[in-house]
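First chain A sits with chain B, and in the next complex the same chain sits with chain C.
What follows is the complex of A and B.
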């Protein structure tokens, strides 16, 4: 086998492996999408039916029972709100740690990340009581605060990695020209790492959109996002798979479409600084 | 600066005025927490009728999975958050929460006709003779079986058989090669899942959860016999992977024609006899839950009820809604919109006396017999200090029942012997009861 043939074979093998992994990851979403067009009887049929007469009945039921737009609006406000606030806090934090590291900077970063290792249920009661005492239960503000704090360690960590890769000489040159710290951040650091900031923001939006634990535990009717709407379709007694799939499809659709449009920025940001 | 102050004053006054005006004409919003059951969905759809009859009251719904609902409601009520005005709670929680002073008694005066409520259901939802949960729907357990398969196998199921006979029939009709399993039973761990069914089997075999001094009896010979019987039967004649089967999984199997016999909640009868979703609707028959050494406690009793937490700020309006949703008039309203076969069952005697309902629901007689025969105050052969058939009405049971269910599920999976599973559950139960100060 010649070197060219070996290279071709390697490309084909890696390509095939990538396709297989992608298909395995995508299959549950595909199956959910397919089930949403089945009747409840078809949804539980064994062997599963791949070819069937599709119905929109489940979507009609979801539309009739749940105020989809209200839940979707809650998801949008909470996800974007939490992401914007988290970025406002994280950008200066990451800037100071990347360009003015102290003795304990690495420890602080690790400590911040370690809070993500704590199981959420472990702090449910204190958070719930704080929410109750400050009137934040079942409010968008309450969830925005929780989601901001929840994603802050990852956002700071990611931004720190992007900022760290920026050449310090550029900042020094800016300082020579009389730039204040504010100008440094807004006019030099942010424009140079815009890809990284966007991808961090996108990741944060996706994490907020998909979060279910706090959404279900801290909301009732007013601030319930789409994840809470999906949960309402699980039934203790009675078949519900098709309706649940329809609700899930509707809940996933906006974020999948959003991710599709932003995939270029997402990939660009996530691979930023990976190859030097 | 002056202009800014003026503008701020104008805007502020307008906002305040708007808020005051809004408050003055605002409706009372009642938040109802519930589960996603067919009957609950009907109630949501019929809510506009209530709102029309009661101008000024609006209803908002929070629907959650059963376990999550229990967690959210306990959190809300124990911490006095007041997020919910009306809660859908079960027969297990109602007396416990009423005892703690967390619930307001239901106003049963006047046209409500409290005596029409099925006595066992009413008792189960009462504390010190006061009703704290208005039953919206009730159920017992019974046998659902494929009469075609039973006849083909030359067997017979009578109105009330012994478990050992049911096992023989399951053996006769079991044909895994054709995808037909003799019997389907709950195997998934949980106090409301496998533990509920196993408790009725234990009761039927003469067992009990606690003796009169609150000492756990999980390692008693009656428990060992009952659980060994359950595990052996399900492993021999049940579907594969039974440890993950609960009501819905068994319902799916039965409706697909894969189960010969299924012992579960009476509500299942309305699903399996519905030709729109069941392939075996015309082949299904019903019988009372099996017994063994005693008929006591061999079929469970459960009810989803509407309760009003003391933290609700709209007590009077919440009472109005609860009375409406659990009234005789509401049942007629459901019948008018969805037909008599779809009305919420297991709550009122008048429903079962209605000829239209009897005609529409082929399972009506069997269901009513099952619910009436279940007695939570006398559910075991030996005396017990507790109330409840498939549960024990003490706060500690939720944990003890779940752990026992997990142990039994492990034994069903073949990872532990029945004796070992029950001994483990006994030790944990003893520790919890001692810690709770029972002895």
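What follows is the complex of A and C.
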């Protein structure tokens, strides 16, 4: 085999492997999408039917039983709200840690990340009680607060990595030019890391959108986002696979479309700092 | 009272003593160059003057006002960075006017100042471009322009030419010299390039390990270094340092046995006592290759032709290696035996603690 042939073979092998992994990851979504167009009977049929007459019946039932748009609006308000607030807190935090690190900055960053390692259920009862006492159960505000706190460590970390990559001399030049910390952040740091801020925000929106644990436990009807709506379709008796799939498809669709449009920013965001 | 005075300035990092008591006075309009090997503290000193680093102790006064505790922008200084540090998201015009806009200067004043600076730096056709659309030299000029529009009391330059290629560096060096002449503003310039230091400076400050080794005009440093460090640091190729084997006082002359040879000079030139274990310093350009009867002798290990001149690397009869400057068309070949004369008027003597023993010039003795 010549060297070029070897190279070609390698490309083909790696390419196929990537496709296989992608298909395995995509399969459940594809199956959910397919199932949402089946009748309940078809949905549990074994062996599963690949070719069938699609029906929109499930979607109609979902819209009838739970107001899809209302829950979608909850998801939008909560995801964007939590993300914007988290960014407002995280940008100055990451700025100070990136440009004025103290002796304990690294420790603080690690500690913040370590809070993500705790199982959420461990704090469910105290959070639930706090939510009850402050009247935040089943409110958008309640979820926004929880989601903001939940994503803050990751957002600070990502922004910190972005800011750290900015040439320090540019900020020093701004300082010499008379920039206050505020103008330094708004006129220099933020414009220079706008890509990083956007991709961090996108990631946060996606994490909020898909969050289920707190959504299901802290909301009932008023503030329930789409994830809580999906959960309401699993029932202890009767057939529900098709309706559950329809609800899930409806819940996933906006964020998948949103993610599709923002692909470039997202990829950039997930490889933060590593590729410049 | 000087324009800029630095008084007992100290800078400690966690476990590193970067500046060890800097005292320096700079007059208005001077072009001062800080030079020294990497890690000597020259950049730290400049950044401390700028206010980008805080000092651990000591005072800095500028134009009668103490500035050591002021924020960088309040010190009335402008800095040009090694990496230019232009704002990549702003056009040339916005880069130039950033400081004035932050200071909320009136628009007409901003326009006027940007116009003057951009014309004098030939940037007037590039005002709408972003930094990434500029060449290295143009970026450098924008960085300088950004400093000029602020009309600061002192310009600070942190190795501004080191990112440019050799040809451009020479050109920008000349432009800086011209700029200094034109503006007459005090400038402090950090470099590790001694050609820049020698050509630009009114006075050079040589730093070593966080301390000032010597301050002087370029020629003073070349001719009257005060220490082994300065003697070796200034001049390319380096000054030859040859240990003195024996000193004989022959009445009115002092005879030195060095490098397997001998040389002598009038005792009356010495301003202080010389002890044994001293060293003789002589630059390659003050040694001459002669046909016979030289002060020193040896054989040529290698000859380097630079076109305008040549350098002979000679191993002396006592095995020490020295460098001798030779004529461009020198026909000397490798391995050839040579004789060398020392221009005793140009020698320096170092005592055993590496301080230069003060001597007066030969002509002074005969006057």
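The criterion applied here is as follows: the second predicted complex is superposed on the first by the 271 of 276 C-alpha atoms of A that agree within 3 Å, B and C clash if a C-alpha of one lies under 4 Å from a C-alpha of the other, contacts with A are read in each partner's own complex, and residues count from 1 in each chain.
Heads up, the rule we're going with is that a residue touches a chain if its C-beta (ideal position, glycine included) is under 8 Å from a C-beta of that chain, and two chains touch if they have at least 3 such contacts.
Small disclaimer: the values here were computed from a predicted structure and weren't measured.
Asker: Overlay done on chain A, so just call it for chain B and chain C: clash or fit.
Answerer: On the shared chain A, the partners fit.
Asker: Just to be sure I read the superposition right, which of the two partners does A:23 touch: chain B = first, chain C = second, or both, or neither?
Answerer: Neither partner.
Asker: For A:138, is the partner it touches chain B (first), chain C (second), both, or none of the two (neither)?
Answerer: Touch status of A:138: first partner only.
Asker: Look at A:236 in the shared chain and tell me whether it touches chain B only, chain C only, both, or neither; answer first, second, both or neither.
Answerer: The answer is first: A:236 touches chain B but not chain C.
Asker: Answer with first, second, both or neither: which of chain B and chain C does A:9 touch in the superposed model?
Answerer: Touch status of A:9: no partner.
Asker: Going by the contact rule set out at the top, does A:217 touch chain B (first), chain C (second), both, or neither?
Answerer: Only chain B; A:217 stays clear of chain C.
Asker: In the superposed arrangement, which partner chain does A:177 touch: chain B (first), chain C (second), both, or neither?
Answerer: In the superposition, A:177 contacts chain C only.
Asker: For chain A, which side has the bigger count of touched residues, chain B or chain C?
Answerer: Of the two chains, more chain A residues are contacted by B.
Asker: Looking at the superposed set of three chains, what is the minimum CA distance between chain B and chain C in Å?
Answerer: Chain B and chain C, overlaid via chain A, are at closest 27 Å apart by C-alpha.
Asker: Under the definition above, what is the set of chain A residues touching chain B in their complex?
Answerer: 39-41, 44-46, 64-65, 128-129, 132, 137-138, 216-217, 220-221, 224, 231-240
Asker: Note which residues of chain A are touching chain C in the complex, please.
Answerer: 167, 169-170, 172-179, 183, 187-188, 191-192
Asker: Spell out the residues on chain C that touch chain A in their complex, using ranges where they run on.
Answerer: Touching chain A: residues 50, 52, 71-73, 77-79, 81-83, 85-89, 98-99, 102-103, 146, 150 of chain C.
Asker: Using the touch definition from the top, list the residues of chain B that touch chain A in their complex.
Answerer: So the residues of chain B touching chain A come out as 31, 33, 35-38, 41, 44-45, 60-66, 68, 71-72, 75, 79-81, 83-84, 247-248, 251-252, 255-256, 258, 265, 267-268, 271, 276-279.
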